[in-house]
Amino acid sequence: MNAAEELKQALPASVVSTGMQVEKPLVLVKKEDLLEVAAKVKEMGFDHLSVVTGVDYVDRFEVIYNFFSYGKKENLVLKVVLDHEAPEVGSLTSLWKGADWLERETYDLVGVRFTGHPNLTRILLPEGWKGHPLRKDYDMSVEQFVTIGEDGEDIVSTDGSNLLRRK
Amino acid sequence: MDPVTIDTTKFRPVRKKPETALEKLEDTGLISTVLAARERKGLIFLTTVDQVFNWARLSSLWPVTSGLACCAIEMMAVAMAHHDIARFGMEIFRASPRQADLMFVAGTVTKRMAPRVKQLYEMMPDPKWVISVGSCANTGGPYHESYAVLRGVDNIIPVDVYIPGCPPRPEAWLYGVLQLREKIKNEGYGAKWGLNK
Amino acid sequence: METEELLINMGPVHPSTHGVLRFKLRMDGEIIKECTVVMGYLHRGTEKLAEMKTYLQFIPYTDRLDYISAMPNNYAYVKAVEELAGIEVPLRAEYIRVLTVELNRIVNHLVFMGSLLLDLGASTAIMYGFREREKALQLYEMLCGARMTFSYFRIGGVRDDLPDDFMSKLNEFIKDMEKRIEDYKGLINGNEIFMMRMKGIGVISAEEAINYGMTGPSLRGSGVNYDIRKIEPYSIYPDLDFKACVRPECDSYARYMVRIDEMEESLHILRQIADTIPKSEVVATQKYGIAPLTGMPYTAQTYFPRIFIPPAGEAYSRIEAPKGELGFYVVSDGTTKPYRVKIRSPSFCNLTAIPKMVVGLKIPDLIAAFGTIDVVLGDVDR
Amino acid sequence: MMIANAYELIVYILTTIGVYEPINNIFMSFGLDDILKIIIMLVEIAILFAFVLVTIMFLTWMERKVVAMVQSRYGPMVTGPRGLLQPVMDGVKLIGKEDIIPEKADRWIFTLAPFIVFVPALLVFIPLPFGESLIISDLRVGLLYIIAISAISPVAILLAGWASNNKYSLLGAMRAVAQDISYTIPLALAAIAVVLFTSSLSTVDIVNAQAGTWFGIIPKWFIFIQPLGFILFLIASIAEMGRIPFDFQESEQELVAGFFTEYSGMKFAMFFLAEYAHLFAVSGIIVTLFLGGWNGPVIPFIPVQITSLVYFLIKTYAVIFFAMWLRDTVPRVRIDQLLNLGWKIMIPLALLNLLITGFVVTAGVIQ
Amino acid sequence: MTWISKNWTMTGIITGLMVTLKHVLHIGNRPTVTVQYPYERMKLAPRFRGRHAVDEDACIGCGICEVSCPNSTIRIVKYKGRWFPEFNLGMCLFCGLCLDACPMNAIKMDRGYELADYTRESLIYGPDRLLFKKEVNK
């Protein structure tokens, strides 16, 4: 019995379905119960959160968590499906500190909000950037420029006249 | 897939290594400086001063330490033992832009980094030069379709020499530096006023 | 004593941030109270670009993530796509892949050692490191024609077979390198000042390191025996004799020593490969699809037109890169271009621990601790 | 005839070739009694400063060459034969650079600071004996003068750091001052141990005390009587010079360029030159105190002034080479470790050394 | 500090000094490795990916290289009545994908790396600078 089945037995109400992702057991979880399931996952010995991925499928968002257990040397994949209108899911920061930046990055580039995250701000792009680039509807034709404000922080605008050199 | 067996470029002629004392002196640019100053018409003194300063400037270009991305690693390689940019008196990488003459824009200039690169350039005292290295700095290169990358550093600061390559190998850097030295030879007030022609 | 708190801004253009990273430090005198890492100064939108390129065209972009060791990046991406499409790679190609990756591990650790020592103020180690790196780069140039950005791996194999005199050059390099590592050890390892700077600095316990998602040598420096090459063996690693280098001290010195030991292990692996490399094809000939235009079954070797379409699906594949666990999450929707590529970069995740690690230390310690985490900004910001 | 200093040497030379009297008579006839004296003094000081400046330039070149040798490369090669003209070129270039004074800086102090650093760095050379009778002025408190003069530079460094109005400059300056102050004490204590033997603060007396040999082989240098003192003095003086492993004033990886982050052009060059002047001076002092100064085997038919100068320079350059060699090998210590080393180890050791030396001298075991 | 009092002999530093001294004196195969570039050159590998070159006879102007280029460096332009690729080397990745894609094996990457120039426009290499004719061995 793999980890996915085990998880389904432990929390039948929260797990929607199980399957395989290539050779890794995959569990589709209800988004409301993610934190509960994650706590169980940690209890099962999956102590390494490898990656948090957000994917925009136009009609929905999927957030995928890849876990690994140092003790059991097993993989586990958790997946949640979110609405496209208001993508929100609980944050795993309290369980895995490493989730902090991974979730911030997902928020920054994909635009999934993680409720309960202590500092959900942009991480790679400057604060004030319009849009989330990895969404499929991100408008690539709008040029956004960054300038430095008085306090040394970045200011985003679409006007590059301060920055660009007149030729 | 066969490896490239033919060599189509005609190498630029390899410079002869100076052997006699006179040739060595000539190689430093002193004699040509003096001869050039004598041949010039107009303000001989001014042009001579120009030449001396140009000579000094081209001989001691101190770059500012500002690596941005991949090319910065090759910048380190240029300074290291195998290529040794110190031979041109350029190994003094100054961390403070106030003491630098030359900026290598080595790597991708992202939108977020662009104002800082510009600021760094503005902090450098005159006379100053910029060498744009690698495809990213030249035109945006691999990332020119990206939302976060500036398409060419010459959009924000004037560039003197462009070195293509991704990243260029250290010899290509040195060739770019030599091109800049050639350029500096013809600068100065005399050149600006048309006296050094 | 009450003192005014000082806000110090290190970077983004600062000699010791290994590129363009910024630390916002809240200081009490010389003691760091709080460290905030501001990144993104090299954010180039690689993941977005991946959605615009075909599977093959994205390979050169992976070179530019971790530009000090590009081969593992190639490998991780190619491996993810191969897992997605179910391609089996010929044995010789696997040998060549492991060879290049291990050689790159040596290069990476040489640069790591050099830049760490440069940050500490000793300028000679980096020169020695780059001297040997240049030799390794000459090997790479023989192999694939470039020094840093190789674009050598192909889906289902590698671009080209080894050139004829490669093996003799490699053996020369291995022989040379053994002596040089002795030099580095003499120059650095016993140095009292170096130990004074590194021992007991930037301590992070094993539990914390795991919780923060640290991987690779940084984690092994905290005493966790975790090496993907051993635990989740891929490629030909099960056949090779090597050990994961672990140090229990949890401090900067341990992290440094792990890397020096790893260089020797990699040399050991290279020696084995040089002895046992088999003869076979270097690109997979297995058929995995039908070309849309011609209707011909095609292989990874198919040249014209070079279209590669994996079946729809998703795969996460990870390898042990020199800096830690490098993973690619590839989602395919059955077209020529990937639907989504997510890069799990080791530098990014290892950097998470820095703010925790440096509280209570001084700026020079921050530099030492940061140096031993060994990040590359291209990898952090992508 | 005993020639005490460089002034008397010049007078002696001029007298032997028969020029001194006639020139002096000419001036005397105009009623300008001391004018020749003043001219000669100015000339000797000019010669000294020119010599020091050329040496500094040479040292910058040497530094770059030694680094290159250690690192398996060539160093400056293109400008001049083996790159010898490189320092000249750097100087000319720096003269031609734009001189930036930051907007928020304190203009006057910012401009003044490089001079306050540079001038004392030259003044240190006044009581330094370059050779037999090659000394500008044999002060009776020569050693005290040297220590006092070199204590001026922290003040100037603090001024520079403060006036720049930059956090890095200020931090660099504070570190430099802390370091200078804490290392002047072991430096002076180690020097005093030598003074106990000579019972004189005059540098010439110290050198003369080291003439001769024991058993005909071992030279009577103080390094053999005072090994601990020598090591303490060496470490303290490297710290005073601010070189790796103790280069906090401009630790590039931490503080960009330390207290001269904001300086450009000629002002920066002055800091640069002062640093190398300091290196030369401190090496000279080490040679004077511990390595026998200009003492060496006498070679017949060559004036002792020349041989002694050569001996002095050889020893000084050996010390300088050691400093450069050390710089290329070791990393930098941390500032608090440095201060700990200074206060908790070096000062007690120096005091201990002084105590033992006192006993030895009182008991009259040596000399 | 307690630590330094244990290691007051400084053997580690002395070992390090010996290593650097061996390099100064070139003891035991530690030579000066610098290649003095304008006077000497490093030997390049045959596979080196430098400047592009297009075989005038082989190229059919099909545009596959244009499609295969990751970042649209290549444009097909008309030259002497035929279609040839034009490379913008200021943008090129030097990845070699066009080389692999060319059905006629017409694109080569030769060993030219000395490409630095004063203007951005001069980095666009048109067919006039790219074309070569394969020499027939006699």
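Chains here go by letter, A, B, C, D and E, matching the order in which they are written, and residues are numbered from 1 within each.
Please note the rule applied: a contact is a pair of C-beta atoms (placed from the backbone, for glycine too) under 8 Å apart; a residue touches a chain by one contact, two chains touch by 3 or more.
Treat the numbers as computed from the prediction; the structure is a model and nothing was measured.
Q: What are the chains that chain B and chain E both touch?
A: Touches both chain B and chain E: C, D.
Q: Under the touch criterion given at the top, what is the topological distance in steps from chain D to chain E?
A: The least step count works out to 1.
Q: Take the average of all CA coordinates in chain C, do the same for chain D, and state the distance between these two points in whole angstrom.
A: Inter-chain centre distance comes to 48 Å.
Q: Between chain B and chain C, what's the gap in Å when you average each chain's C-alpha atoms?
A: Each chain's C-alpha centroid was found; their separation is 31 Å.
Q: How far is the middle of chain A from the middle of chain E, if each middle is the mean of its Cα atoms, in Å?
A: Taking the mean C-alpha position of each chain, the two centres sit 39 Å apart.
Q: Cα centroid separation between chain C and chain E, in whole Å?
A: 22
Q: Two or more other chains touching the same residue: where does that happen in chain D?
A: Correct list: 70-74, 77, 252, 256, 328-330, 337.
Q: Would you give the residues of chain B that are in contact with at least 2 other chains, written as numbers and ranges?
A: As it turns out, chain B has residues touching two or more other chains at 1, 3, 80-82, 84, 87, 95, 112, 116, 142-143, 145, 147-148, 154, 166, 169.
Q: Out of chain C, which residues touch more than one other chain, so two or more?
A: Expected reply: 14-15, 40, 43, 45, 48, 60-61, 124, 127-128, 131, 134, 149, 159-160, 163, 187, 191, 193-194, 196.
Q: What's the complete list of touching chain pairs for this entry?
A: Here the touching pairs of chains are A-B, A-C, B-C, B-D, B-E, C-D, C-E, D-E.
Q: Hey, which residues of chain D end up touching chain E in the complex?
A: Touch list, chain D to chain E: 66, 69-74, 77, 325-326, 328-330, 337, 340-341, 344-345.
Q: Mind pulling up the chain B residues that touch chain C in the complex?
A: 1, 3, 65-70, 72-74, 76-77, 80-82, 95, 107-108, 110, 112-113, 116, 120, 142-143, 145-149, 166-167, 169
Q: Show me the residue ranges of chain B that touch chain A in the complex, using the header's touch definition.
A: The contact residues of chain B facing chain A are 111-112, 114-116, 118-119, 145, 147-148, 154-158.
Q: Name, in rising order, each residue of chain B that touches chain D in their complex.
A: Contact set of chain B toward chain D: 21, 24, 27-28, 52-53, 55-57, 59-60, 80-81, 84, 86-89, 91, 94-96, 98-99, 101, 125-127.
Q: Touching chain C in the complex: which residues of chain A?
A: 21-22, 24, 47-51, 53, 55-56, 64, 66, 70, 73, 77, 96-102, 105, 109, 122-126, 133-134, 138, 152
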